[in-house]
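Here come two complexes built around subunit A, the first alongside subunit B, the second alongside subunit C.
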Partner chain A sequence: MAQPLSRQKALREWKLYFFILPSLLFIGVFSYFPAGSAIYHSFFDWQGGDNKQLIGFENFSRALHDPVLWNSFGTVSVLIVFNLFKMIPAILMAVLIHRLKSDRAQYGYRVLLVVPMIVPGLVTLFIWKFFFDPNLGVLNNVLDFTGLKTMLVHLDKFFGWDVFFANAPIGWLSQPALILPSLFLWGFPWIGAVGVLIYLAGLQSIGQEVYEAAELDGVGPFQKFLYIELPLILTQVRLSLVLLIIGTLKDYGLQLVLLGDTGGPGGRGMVPGLWMYNRAFIAGEFGYACAIGMVLFLFILGLTYLNNKYVRVDK
Partner chain B sequence: MSAALKDAVGSRRNRDWPKHLVLIAILCIELFPLYMMLQVSLKDNASFIQNPWLPQPPYAVTEVRRAPVAGQPDLVNIRTATWTEVMDGITPALVPDPALISAEKHFDLGVYRVGNLVKGVKIVGPYIANTVFVALSGTFLSLSLAILGAYFFARYKMPFAGVLWGAFMLLMLLPGVANIVPLFTLLKDLGLLNTLSALIIVGIAGGQVFNIFVLRNFIEDLPKDLFEAAEMDGASHLQQIKTVVLPLAAPIIGTLAILAFLGKWNDFLLPLIVLRDKELFTLGVGLIYLDGEYVKQWGQIMAAYFIASIPLIIIFLFCMRLFVRGLSAGAVKG
Partner chain C sequence: MTRAPFRSLVPHLVLGLVFAWSCWHVASIRRVAVDTDKVTLRIGHWMLHAGMRESFDLAITDYQKLHPDVSIEQIPVPIRSYAMWLRTRLVGETAPDITGLAAVGEEIAGRYYLPLDAYASQPNPYNSGTPLEGVPWRDTFVDGLESVRNLLGPVSGELYGVNLQINTLRLYFNRNLLRAVTGSDAPPVTFAELRALGDQIAAYNARTGAKLVPIASCGPYSRYLFNTLVPSQTQRFAVESSPSLNLSVSPQDMATAFLRGEWSYATPAFRSGLELMREVTSLMPPGFSQLERDDALFAYLQQQAVMFYAGSWDYGVLVRDGPFQTGVTSLPLPDRDDPKYGRFVLGPISEAAGSPEAILGITRTSRHPEVALDFLRFLSSRRIATTFSRESHRISSVVGTPPPPDAPGLAPVLNGEVNGFGIDFTYLAGGNTNRAFQNNLHRALGPKGDLDDFIKAVETTMPENLRRDLAQAAFGQQREIRRLDSQLAFALTRSDPKPSEWSRLAEAQSIRQQERLPIVQEFFP
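Moving on to the complex of A and B:
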């Protein structure tokens, strides 16, 4: 803890306030002011210029009846479910690495895990966009090569999806029905290096005696995972769960890059953040965009509250 | 850790090789985009379509064809060789080409389109320079201010420190989702639109909360005697930061710096709305621009992506240990 100090000493140390002043100024001007401005302007009809007109709750009632906005909340819920599923490989990978006997192999895998991070995130996105390309793309090539495409076409006929055809390449990012599957497939095999490293750090704190006791009881590998490893990394898992949900709700960079600012064909990839961006910078409806931001903010605030109340991370 | 102890982690009955198999398989898929980027960056579209999966063999085939009109010289066509041609020699096509006189395979490093890389440097080089400038100065200023701020909170419990701390922590709880819209008009009013300083300044502001949070905890854990000894010797607060905080907190500062740098390097939403002039583009906007405008020469595009990754490759080569350790340590501390 910081040392408490007497009034006289504090007066003598008044220069210390200059240490915090710059940071305070920065967050005041570039974090608090925009936040306040967003709340203020959500009650205005505002094109981003000097002219604005107070319209009360009109922006909010418009948002309440905006089908695009509510569909986008539906989409983002699906994406959250996808992302929850995508957490599993990282956990399994961490457990697999942790169970290796050789320390050197463990370190080797850790380094290999970090290697893909040398590619900037945006470049990874663009490489995936290239994978999704209907004609030259890697994904269609792999499906053709392994014969999975024929299977997909048969499944399509059986279920009547009407998206996979034997004689046409699959348009992953151009068919409305395939937008969500593409957003699911994206990033396969979904190993986040940071996540794996964090889980590994948690696993490392498990004492040897726990394993030895389990060994004596004849516990199988799956039960070991369920009763020893999973409970001990639950803190980290919960933490990344919360961060992931809030992150997914907020994020729209992925959709902007892969699908463009209208959310792709049929707007199937539209998420709330992207709709806010679209209204502000494409349509010039800054006031309405602020209101959308407020709605999204309330959702996140509610989730943060629920999280603090029920999923509290115990330390 | 001794092997005997370690044995208990994995089951004694089970061997390690199935785990290695699974891990290697996953890593292969994980590294596949990187592999594709590297090998496609040395191809042109023709050889990419002919052979999308494997790197180009270093052979070219010279085909000589009879000219369609008699009396004119023969047509010479040099193309890249396929792997089957390299392995089995050139076999006649199923439908023989009547005009073909001869086809010869020869060793030729020219099949690797090094020109793609040169072009890549030309395209993304200026973007990289801008991004390095923004990311480096942003990281440096952001961390300098954060160290000062964290020192303020960690050294003494000054009057009002609690309120100020609350002002910082509130931002950690409240996500700034709607901020980008007023931020744009704020930057416009400040005359910062279409400047790199806008990115640096907003970057500094964004990093304060997290960095101060981490650094405060760290500085508070440093032994108090060190500060007091320095104070006895007449060191001012700035000197105390220089002689006590900086050396002892170097690893955590390094980790925070890498995280901040990566964040700024990968950012594209803010540059996208702030920057208009092509000369000012950072990597993020530049790549989006490239993706939209270019006639898809995949080789050149992948080469540009590869060039865009090089600065990070350099950082990782030097800071790999720091990074892996910092992440793990940070995870344990929460």
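Moving on to the complex of A and C:
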């Protein structure tokens, strides 16, 4: 472990700090300056040009009473729960790959997972938009072909959903009640390469002797997962959790591509990031959009603090 | 070499090859020698539709032959990102010399674009030898550039751009499919005939097993359809109830009337408009609201739909990519004899107001504004306008330019009655009311749509949304009026103040103040 440096020693090597100045400068210009500008402009009525009028905390007051913004936080909370569920297939996939006896097979599966990463995310989104097309989309065609649509229609009649009709294609993105289920379905089978590789790295740090001891004790495969593998990759799970929460809170690209800038019918797909985009580039209320960004930042900061404080991993 | 080390070399080889190829690619990009004696103009726009870029290229080639010392570069930007691209370029002072003015309000236009009024009264030198020779540039446009002035300079009355074209909305139809369904390729003329055609298509589908949709549509284009249909129901209402007594109802007029409780969606004309919207959605594909323009275009070109309601800007694509003959007709609207909708109708609607398209303006940061102005005049000359019309299949805004030879039906219909108005508050500043309208539309138009449910849902939040939007509109107007203060002060304190200039500014300011004050006093005391 590194020893703390005395102040005198640190200042004696002051010339070395010039080497990090360029990087600091870039971070300052491209990361901190835009954030600082957003904080500054959140106190103005600003339409993106030169004219701006100082209005103090009016934007924040408006944000506090903005039903669309608070509903969007509700939507994003649901999406966080969905994404928590979507972590499970990645963990299971990592465990399955880890348990393969053949190194070649492990390598092969890792490559197969990584290759789709070269496809730009936007392309994947457009492909999924096509999947959801009510008339030509793969999803509706598969449901029709397998008879699942008939089952859905019967379930609809039983539960009174009013979204699945026998004589009409399913409008996944045109019916408010189906927006959140569509956002849940997106990305099926939810095996993200990055997640799997992170968990796999954690699993591979588990020593072979632990498995041998478990086998000697007669521990079955599921118990191995529950009592050995899962506890030992909780650090990675916690990291994924933090990244997942932050990502879900601030992302809106998925909703923008699939649902447009109004969040789809009924505004059901509106998330805070999309509302910020809508206010800035559709309504021209850049100052208010900055204030929404600040509210979102405080939310993420708060959640990250809670995560660090209460989601502990006992080594 | 053993197999294992060789296998580990493969990814390194691939990486090395890809890196080498990209280095070669970058190195082989030839840099065009910059001729410092040449003036380079850049023109940025969003018009990527069939024929437009080609038309610009032809115009640029012609201009460069006339002016060898000028080099012009076209910068086409996809429309989805154009507003953001333009805004960031303008603010960053890196905008091209000439840009298309889309999603630009008066504040942005006044700040970043050169006013063209002084030049609009001079003749266009590129019209010499034509009937437009000697005619002031402004008057060489079919509407005298009034639509552009109203769009970009409603408060100041300034002119910040010129529109090369006029858009019209038309119902395109597949002649072959129409013949197969009805035995004739004559399109429907009245709304009743359109309704009947929908039934005929359903019968055809049942008979043949086809899955034809009457009208291909999507989210954005369905709004065009609704905004054409619904004004037929508010036409008589606009004439009889116009608060400003000018035969029209502005978004602010409508907002204040709703807030006072004088009008609502239960008002017969408005409710009839909603019913008309509901009825026409039965002619559109299921789930149309989640589709985009490309999906609707695809459905029509793949002959899955008999008709397609779209703009004149789409005609070029249909001609180029459609393996069948496309006919053009106006959207059949309910006429006075319609038993259900006729009582609200005044008569066929005139398209004289037009919808300006391809509005181009000169940015203040242009290093060669005089050359940019000259090129703008060149683009709007009769000869080049004819080229545009022929190549892009669009209607030119230049007087006397013949419409595309294969689609005379695209030309605006000038004879008719005044139009009604839309009921979705699209043009009310702030957008909160419009968003509430669009977000609840599924309640009215869905498979189990109920108009009363829709009206109740929208009107619950309407007062709050309208207040917010009106506040924004009033605030925006106040900012514009204040901006005119500085212009007025400049005009009055010049060594040679021009009465025509400062009196126009003073009058515009006074009119806007008179429009704004009653709203502020009544709703924001």
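Just so we're on the same page, the second predicted complex is superposed on the first by the 291 of 315 C-alpha atoms of A that agree within 3 Å, B and C clash if a C-alpha of one lies under 4 Å from a C-alpha of the other, contacts with A are read in each partner's own complex, and residues count from 1 in each chain.
The rule is short, and it goes like this: a residue touches a chain if its C-beta (ideal position, glycine included) is under 8 Å from a C-beta of that chain, and two chains touch if they have at least 3 such contacts.
A quick note: this is a predicted structure, and the numbers were derived from the prediction, not measured.
Chemist: With both structures lined up on subunit A, is it a clash or a fit for subunit B and subunit C?
Modeler: Subunit B and subunit C clash in the superposed model.
Chemist: Check whether A:269 is in contact with subunit B, with subunit C, with both or with neither, and answer first, second, both or neither.
Modeler: Once the two structures are laid over each other on A, A:269 reaches no partner at all.
Chemist: So, does A:116 touch the first partner subunit B, the second partner subunit C, both, or neither?
Modeler: The first partner, subunit B, only.
Chemist: Looking at the overlay, what does A:300 touch: subunit B (first), subunit C (second), both, or neither?
Modeler: first
Chemist: Taking the superposition on A as described, I'd like to know which of subunit B and subunit C A:48 touches: first, second, both or neither.
Modeler: both
Chemist: Scan A:281 for contacts with subunit B and subunit C and give back first, second, both or neither.
Modeler: both
Chemist: For A:246, select first, second, both or neither according to whether it touches subunit B, subunit C, the two together, or no partner.
Modeler: first
Chemist: Which holds for A:192: it touches subunit B only (first), subunit C only (second), both, or neither?
Modeler: In the superposition, A:192 touches no partner, neither subunit B nor subunit C.
Chemist: For A:96, using the defined touch cut-off, is the partner it touches subunit B, subunit C, both, or neither? Pick first, second, both or neither.
Modeler: first
Chemist: Given the superposition on chain A, which partner contacts more residues in subunit A: subunit B or subunit C?
Modeler: B
Chemist: In the superposed model, only one of 60-68, 186-194 or 258-266 in subunit B has C-alpha atoms clashing with subunit C. Which one?
Modeler: 186-194
Chemist: Find the residues of subunit A that appear in the contact set with subunit B and again in the contact set with subunit C.
Modeler: Overlap of subunit B and subunit C footprints on subunit A: residues 48, 281.
Chemist: Using the touch rule from the top, collect the residues of subunit C that touch subunit A in their complex.
Modeler: 83-84, 87, 90-91, 105, 107-108, 111-112, 219, 285-291, 295, 299, 304, 430-431, 435, 438-442, 446-448, 461, 475, 479, 483
Chemist: Enumerate the contact residues on subunit B facing subunit A in the complex.
Modeler: 1, 3, 5-12, 14, 16, 19-20, 22-23, 26-27, 29-31, 33-34, 36-37, 48-49, 52-53, 145-146, 148-149, 151-159, 161, 164, 167-168, 171, 173-186, 188, 201-202, 204-206, 208-209, 212, 220, 224, 237, 262, 265-266, 268-269, 273, 283-284, 287-288, 291, 296, 298, 301-302, 305, 308-309, 312-313, 316, 320, 323-324, 327-329, 331-332, 334
Chemist: Hey, which residues of subunit A end up touching subunit C in the complex?
Modeler: Residue positions touching the partner: 45, 47-51, 53, 67, 132-135, 162, 165, 168-176, 259-260, 262-267, 281-284.
Chemist: Which bits of subunit A are touching subunit B when the two form their complex?
Modeler: It is residues 1-5, 7, 9-10, 13, 15-17, 19-20, 22-24, 26-27, 29-35, 37-38, 41-42, 48, 89, 93, 96-103, 105, 109-124, 126-131, 136, 138, 141, 188-189, 191, 194, 197-198, 200-202, 204-205, 208, 211-212, 215, 220-221, 224, 236, 239, 246, 250, 252-253, 256-257, 273, 276-277, 280-281, 286, 289-290, 292-294, 296-297, 300-301, 304, 313, 315 of subunit A that touch subunit B.
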